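Just below sit the structures, each encoded as structure tokens.
First subunit A sits with subunit B, and in the next complex the same chain sits with subunit C.
Moving on, here comes the complex of A and B:
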């Protein structure tokens, strides 16, 4: 809350750098790579949402892709019914936000440990996968939108200029929109974390009991953080449905949930830059792996995850950051919850 | 009347399967506080072990009841020595590492066996109940589940290993002072849990068939059962299996299997809201 000139300077620099990249990349990168790059940017928004919940809220959410998928489905179903994309875009933020709030209410207010929280959120995603997969009959229709089971919803209409369904967003437009959204989410979260609310959220992560003794209701702050993260993930889902013009239950699959976790742990928890960096790096590796047949992608991702947990538990960005400014204050150290001596 | 018998039999089978696929997880979590997200993959490996052994000409009973648990148990010991033991006392990191392990095992199985469904036919035929026919194998699953639970109870209650394991879990330092080597106990216990998962995978293989990704189908149910059950390993697993298995089976009968699973999840979340410690944490504190 105190005017931190250096922090704000960093934020301005990051914004300018982001804008420059946003304008320059389409000029220098070839169109095929642009398609890939757009999906990286969209996934980076998803990674940021988990970076907030996990890295700052201290909430171990293993099912972030649930909100991503719900956002994508909410957008797809609504836009097919409405034609105009303005309300569907809002729904893709509100619906997953509400879902996160409902789920979070049951879990945070029960005060279950974060390990249980991880398991339950993972389970929710897996069951959503099965539920959406079971909707293949013609009786599973919401308005004009057939849900399509494991085949998903094809031909999702793109976003359009508010109120003008005939002015649809082009593919280049989607890159700029996604890039601007990523930038806006990044800046918004940075500002939020500097605010009174954000300070309390971090205080709770550092020591929940102490924060509660100071009069802050940890359950409420966690629920709010979780809801915001869910809403951001939903927005990313909406952009993703635009990117592929298609949405299927795979967004709820175990692989998708695992990827988000890997992005954040590779990039580093407790930073906002880390999840973005991790997302781009891992996505790039995954693209390269998809192009060859020798190594199975799951095999590599699993090895990366185990390797980072054992060897680089803080993630790349904090580790590199540490190396540079060892004398400044320490970045995020994972709080030891439920310290049991055994084993 | 016949319908009632068949339905309660099916419910019993659902409870038995749930208990069987959860008990390995419950032991590893309950004894060692390790949340093993690769549990589903242990089941998957157990299934493959049974199938490979059967196709190699080994008797199917030996393959499912002996080969599967031994193979997966050994894999479990190796995994405990190479990964898990560095992460004790760090539940978050353990979860993440076992999740990585889960991906790795899926990738490995896909590379070795390919992404196709393998299967063995269920031994034993069918039973006639009035106008209905039921698979005799369901009865076998119920018997195996009962036998497994009785055996676990007996091992932890009456054997030297059971005593040492329980004492190590209660107070590792004190056990070490009395001459026990805790790290060996952890390795063996993890192996036992993994072996039980392998056994369940082998036993379920004739019913479900096996694909590399089948773990995801088991893991959600198993976790709900273990968390719902709470701290007492056997009593918790059994009571949660009875409750969730019955809910699952009733809703499945009234609608579809998918709605049944959703009901199971909703029941678990609501249950946790009111009993964060699980069923046994609430009702019988000191159960073993």
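Moving on, here comes the complex of A and C:
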């Protein structure tokens, strides 16, 4: 009962902190940095989706950017055709969700294991990269939307107030919307992980055979987790298309796929805060490195990743959490040591 | 045997790994609420047999009937839902979850939230795990982890419980407690126990089935089995040409 209350207390505190940051940041940060910050927030949603699939579901997905890109393309193509952004926004969640469900169905029900799963999902992303890249030419048009090959789709119309295409979302508005989405996804996932469904997902990660022997169909639970993760990534893709007002096959590229994994590794798997922290930190460092000429940015980022894998394998958030727990439990250690000394 | 008083039946069950025959045409019958002990030297096929009963391995040929349902080609979770619970030989638990969470996951597989909580509490009290509820299972001693797995199986309220070496790595006290628990659970479920500890088997045994080289060697009371010349040969490792 107490633990339950503390859990909810932590969630309430995180929500309040999130809302405060959301309202305060635009007041104290300069406009140029706000543009950067908005993209961090959008990418953090993508990082969360992988944090769920990999950190909690134990599913090694190297192609999370596939769903991100499909969401972005689904939004862009639909909004160019429809004008109003309400249905395109929904499509940016539903289409990648369905794609994840279809792909996941074949992989999980064929009992494809970890490494193969990673290879196949990465390959799917790279295939999408090639396919979308091959769509330059006037014959590759969906409705009124030309796909544009490697040049992508320029001038993607922004989100608008539901049913009112004339009331478009401003850039500040996009920051607030992205921030609220990140917060909602975070809170939603926290609640989901506390439910029976979430408990079973984690149990399957811990020991799939035991979970099945307890009567849970691991294939179904993994598929559901994968689909939810795909849908969330798609939503992030929609926001990303809004941020740049542009979308190109680069979202399916190797660099994009690798980035997400790095954010989750650095922030820490098995937590929801970790992927968010990792995403913000790495992107911020990448931005700072991009502004100087002394060192190659990718070289430094690579060094950071190797450093983390070797020195902080659990990631930032779990490591800090462990340190706090050790401090908290210190009073219990002393009497045990005393007891042992008594003959 | 009529199917009404028979909970488990295998017909000509066979498992081959390449050229190796692990289980050869086993016809096995178990009555409702029966307590059966399964013994035999290492490699006799006991664990393979258990794994086939719980769909962890697919039989090469033969048929498995549980409570009148053919489960030969079922999935592990379906077999579990029909009412077979198994404790594997090596503690098969969720190491990074607490004791309470382990048992909760098991109980919630069958019951709603309130009943699962009550059932979990009851099982933990019966198995003396209450003081360990908040501990991570991976940090516990081998014997304690065996208890956690046992508690998970009991929380499922299965009709048939398969226990693969439940007393392995336990102290004499713990072994007695396990025997006591098995007798109690047996009031509502059929149980098959694989064990090497003869003292333990004597405590609980009604009928004993002896496996040898993938076949049923003999099936009788403990006294008769112990007096059997063939069984002695098998256990002492005497081969035919000695």
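The working rule: the second predicted complex is superposed on the first by the 322 of 343 C-alpha atoms of A that agree within 3 Å, B and C clash if a C-alpha of one lies under 4 Å from a C-alpha of the other, contacts with A are read in each partner's own complex, and residues count from 1 in each chain.
Throughout what follows, a residue touches a chain if its C-beta (ideal position, glycine included) is under 8 Å from a C-beta of that chain, and two chains touch if they have at least 3 such contacts.
All figures in this text were calculated on a predicted structure; none of them were measured in a lab.
**Q** Examine A:81 and indicate which partner it touches, taking first as subunit B and second as subunit C; both and neither are also allowed.
**A** neither
**Q** Would you check which partner chain A:8 touches, where first means subunit B only, second means subunit C only, and both and neither mean what they say?
**A** It touches nothing on subunit B or subunit C.
**Q** Between subunit B (first) and subunit C (second), which, if any, makes contact with A:215: first, second, both or neither?
**A** second
**Q** Answer with first, second, both or neither: which of subunit B and subunit C does A:196 touch in the superposed model?
**A** Touch status of A:196: second partner only.
**Q** Tell me the contact category for A:170 with respect to subunit B and subunit C: first, second, both or neither.
**A** After superposing on A, A:170 lies clear of both subunit B and subunit C.
**Q** After the superposition on A, what does A:106 contact: first (subunit B), second (subunit C), both or neither?
**A** First partner only, subunit B.
**Q** Pick one for A:207: touches subunit B only (first), subunit C only (second), both, or neither.
**A** In the superposed model, A:207 contacts subunit C only, not subunit B.
**Q** Looking at subunit A, does subunit C or subunit B touch more of its residues?
**A** B
**Q** What does subunit A use to touch subunit C in their complex?
**A** Residues 196, 199-200, 202-203, 206-207, 209-218 of subunit A touch subunit C in their complex.
**Q** In their complex, what parts of subunit B are in touch with subunit A?
**A** 32-35, 37, 83, 86-93, 95-97, 99-108, 110-111, 168-173, 182, 186, 213, 216, 219-220, 223-224, 227, 256, 258, 261-262, 265, 268-270, 272-274, 276
**Q** Mind listing the subunit A positions that touch subunit B in their complex?
**A** 60, 62, 103, 106-107, 109-112, 114-116, 118-120, 122-124, 126-127, 130-131, 133-134, 253-255, 258, 261-262, 265, 296-307, 309-310, 313, 334, 336-343
**Q** In the complex, go through subunit C and note every residue touching subunit A.
**A** Listed in rising order, the residues of subunit C that touch subunit A are 54, 56, 75-77, 80-81, 85-86, 88, 92-97, 101, 104-106, 108-110, 113, 152, 156.
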